[in-house]
Amino acid sequence: MSTYDIIVIGGGAGGLAAAQAAAANKTSVLLIEKDARLGGILNQCIHNGFGLHHYREELTGPEYAEKAIDELTDKTLNIRLNTTVTKLNKEEDRFFVTYMNKEEGERTVTAGACVLTTGSYERTRGAIALPGTRPRGIMTAGSAQRYINIDGYMVGKRILILGSGDIGLIMARRLTLEGAEVVGVAELLPHASGLTRNIVQCLHDFDIPLYLSHTVTDIKGKETLESVTLSAIDAKGRPKKDSEKHFDVDTLLLSVGLIPDTKTFDGITFKEDPRTGGAYVDQHFETSVSGLFASGNALHIHDLVDFVTEESLIAGKAANRYVHRLKNKKKNHIRVNPGEGIDYVLPQRIDTTSKKHPVTFSFRVKEENAQATLRLCQGERVILEKKRRFLTPPEMERLILPVKKTLDVETPLTLHLEVDEG
Amino acid sequence: MKKSMICIACPVGCHLEVDESLNVTGNRCKKGESYAVEEMTNPTRILTTTVAIDSRLQRRISVKSADPLPKAKLFDCMPVINKVRLDPPVKRGDIVVRNILDTGTDIIATRTIEE
Amino acid sequence: MYDFIIIGAGITGTMIARELSRYKTSVLVLEKENDVGNHATLANSAILHSGHDPKHGTMKARFCVEGNRLYDDLEAELGIPILKTGGLVLAKSEEETRILKKLKKNAEANKVPGVCLLGRESLLEKERRISDAVVMGLEVPTTSVTYPWEVALRAMENAIDNGVEFEKNETVRAIERTGDSLSVKTRNHTYKAKTVINAAGAFAGEIAAMIEDRVPYTVTPRRGEYLVLDRRVKGFISHTLYPVPGRKGKGTLLVPQVHGNILIGPTSVFQDALDEAPTTADGLAEIRRKANKLVSDIPFDKVIRTFAGIRASIDKKDFHIARSKEETDFIHVAGIDSPGLTAAPAIAKYVVETIIMKKTPLEKDPGFNPKIKTVTMYHDMDAAARNAAFQSDDRYGRVVCKCEMVTEADLINHIRRPLGADSVKALKKRARIGSGLCQGGFCEHEAVRILAETLGKKMTGIDYYAKDTPVLLKDTKAPS
């Protein structure tokens, strides 16, 4: 049975970074990717806005992916494309990964550590229980993006988009440029979920109406989509009477959220955070299973690929340290909890015995705030305090805890947000 | 006649108003003022799209305008780009349409397709 | 000229076709949709009921019990999957317990084997997740679950192997007597037969009205909505769970499915439309409410799909299976709502051996082969079979649908098999692609590509489901 030091599952932005970091010091790494090329979802994200932080230039998705691929120079890095992982197990101290491809059939290999960088999948119509008929013409925004940008086919002529997240906004523009009529974008919340820049350049530029506090309440059409009904919703999320708007469209695109894709392996289970949909991890991105790391969208949904890269470099480095460790160190974990005003914070626990590296906390706030103070506390004691401006739920934020800050080894950490008045 | 817009120069997103004489209100800094003036006098956008390519792995290659193009010309650029047929190999950065519609801007490939 | 034309290729029509193919006789099946089993057969609970519920003395009762037994033969002959879950009918009050006891008597009269009443303690041993409200249960051990459209597909395939002809996308518009035969007219064709069998489901009334002045029943469509939970909830419950039946029917059930999913539903609401079955916010909410009464902590976060179906109910308390009184060579097989799936093989036997044979003796065909060549999917093979499969075709190595572990070779097999898939949804019905967590988000484009390549069509020529419903409209660089 073939053996590697580290197996990285998923060759998108997360996997490219994790594999690069994992392969340092002649460490043998196997990077497994299900598609015909590396790059993951970046390959179909042909728009720009990527790389401002990590590469200090504005790049399109494919350019970002290629730069990351070009950085994979270690000779101890092995890559398998067109290969799908079907099982992941851990027995004693080894991981067993079963994968399939056309050259080898079904094969099992082992490793001392694994990194899950499998990205995410789109929330489906069924998962949000959209009522109505089930005709041709309803798909996720990402599916439409793939058909148009990779395969080169149009999916519809008159299109309504549900969800004002970035994918929905980007597709509104893309479809319009390729000659379709986008009749509107509907958003459940009272504010748009995507970046303001995208609202301006994807909707305002093309006079595409945005229906805030609206959702789809009916879908009609026997075999092909004929019309979609939007209703305004009240503060409790219930459709308002007599607020229906009917749109005659042949296509409805759903851009209603992403979900970490770590559920399709048989075998391994790890502790999951219901708030993020991904694993519980510590500051090294190690999950509740020793030697199993997770980062990128497979861990929690990001808005900037640059942070996926940075997170995954840490995870890859940590996996590298893990396989070269001389002995099993005893760890001491303290919980990290989201406090007032914070939706979730990662990592969900810290190993206080690991003192060599600063800890980067990633978090999302619950509401928009023009100006606020963030406090990382242990009980009453304030460990770190920072003022921040323009915090909004669609934008993931980060807070760095420097190495020099000492932590109490028993008390949980809580991240609070206090809105500054005036 | 005043035009309303949201500034995208930084995450604040000031709601701006500009009149025909290019007087800008609502901005909190100079970047907003220059953004508003640009948007009124010469709005430009980077165009990202795809071009047909005869590759066995995928039928399309992603491209972008090397510099921002006048916003009003985007729809006119599309048919020009849509007529192009490429053969591999094409490298990231290769010029796919030179000086599109006489704007002085090239359309370049944003990925490499070898076969 | 055919001896028999069957209108409708749902579970009823396909079973009758197969039954007739045991004899030396010519049969044509006409189906208005683009595939076998598109309506009620596609949207039901998939349960093979024990027969505890239908009123003793009805055809429903008789055929349900008989059909339940006949499915063992079908499993062996057609290779259809059957999950032997057993069933539990759960009572939450004294009043419901009284009904349960009456149900037990009815079941015993129907000769349903193994029925017994269980107290809460025993119920908890069998299903530890039943809710606190449940006080008593009726065990109906012969309850199982199958994959209904696969049953119809394989029955039709077997019928075709044995000489039956099948035409899809043929909507019957008129039926008239012309001399010694009946003429069945569709838009572009006229077919003739000595006998016409009406197995048109929700459209049975419309079809009958083409030849009768007074149709002896009225179709009263009732919509049922369902929730589908991802197959990774497998093991959450192991039995088919029923509430105590009410006026509107069996109620909202929780049903383990053959691939591991759990189905929750249906509701029961009258509607006018015969073949459009929308889901509704009220209906889906009702399912959750009712299911929560029977079982605790249902993982509703694992819902991946909702759908609805139409029961071809009629305004009578039983199936209407009889020759027309106005046109004796027109046979009604109408009102096939629950337990239609279970009863189907028994209905088929009754139609052929009793109704048809009484007037027209048929000669058995010694060449009849009850078995079909089954297509085993990679994920159902053991290690040795998988290895052999890969050695013979390396496309078994390429996983296309990772949520349900479907390989490229599996898809090609299901396109090439008799009655193979020629649309995205037809491929989903046969090969599970798109039935999982991502609902086709990752793999629908592969399904379209593989269909196009295998069928020799353009990508823009692949339909979603019905004829002329292409998934992709045109090439993005095509001149407009």
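For reference, chains read A, B and C in written order, and residue numbers begin at 1 within each chain.
Here is the rule we go by: a residue touches a chain if its C-beta (ideal position, glycine included) is under 8 Å from a C-beta of that chain, and two chains touch if they have at least 3 such contacts.
Only a predicted model underlies this, so the values are computations on that prediction, with no experimental measurement involved.
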Query: Where the centre of all protein Cα atoms falls, which chain's Cα centre is nearest to that point?
result: A
- prompt: Counting only C-beta pairs in contact, which pair of chains has the most of them?
  reply: A-C
Query: In whole angstrom, what separates the CA-based centres of chain A and chain C?
result: 39
Mean-CA-position distance for chain B and chain A (Å): 27
- request: Express in whole angstrom the distance between the two chain centres, defined as the mean CA positions of chain B and chain C.
  value: 53
- prompt: Considering chain C alone, which of its residues make contact with at least two other chains?
  reply: 476-477
Task: Spell out, as numbers or ranges, the residues of chain B touching 2 or more other chains.
output: 50, 52, 60
Message: Touching at least two other chains at once: which residues of chain A meet that condition?
response: 148, 150-152, 178-179
- request: Going by the contact rule at the top, pick out the chain C residues touching chain A in the complex.
  value: 227-228, 232, 275-281, 283-284, 303-307, 386-387, 390-391, 394-399, 402-403, 405, 407, 436-442, 444-445, 449, 459-460, 463-466, 469-477, 480
Query: Of all residues in chain B, which touch chain C in the complex?
result: 50, 52, 60, 82-83
Field: Of chain A, residues touching chain C in the complex
entry: 34, 82, 84, 86, 100-106, 121-122, 124-127, 129, 131-137, 139-140, 142-143, 146-148, 150-157, 178-179, 217-220, 222-224, 239, 261, 263-264
Residue ranges of chain A in contact with chain B within the complex: 36-37, 43, 46-48, 59-63, 65-66, 148-152, 174, 177-179, 196-197, 199-201, 204-205, 389-390, 395
Statement: The residues of chain B that touch chain A in their complex are 5-6, 8, 11-13, 45-50, 52, 57-60, 62-64, 71, 74-75, 78, 92, 110-112
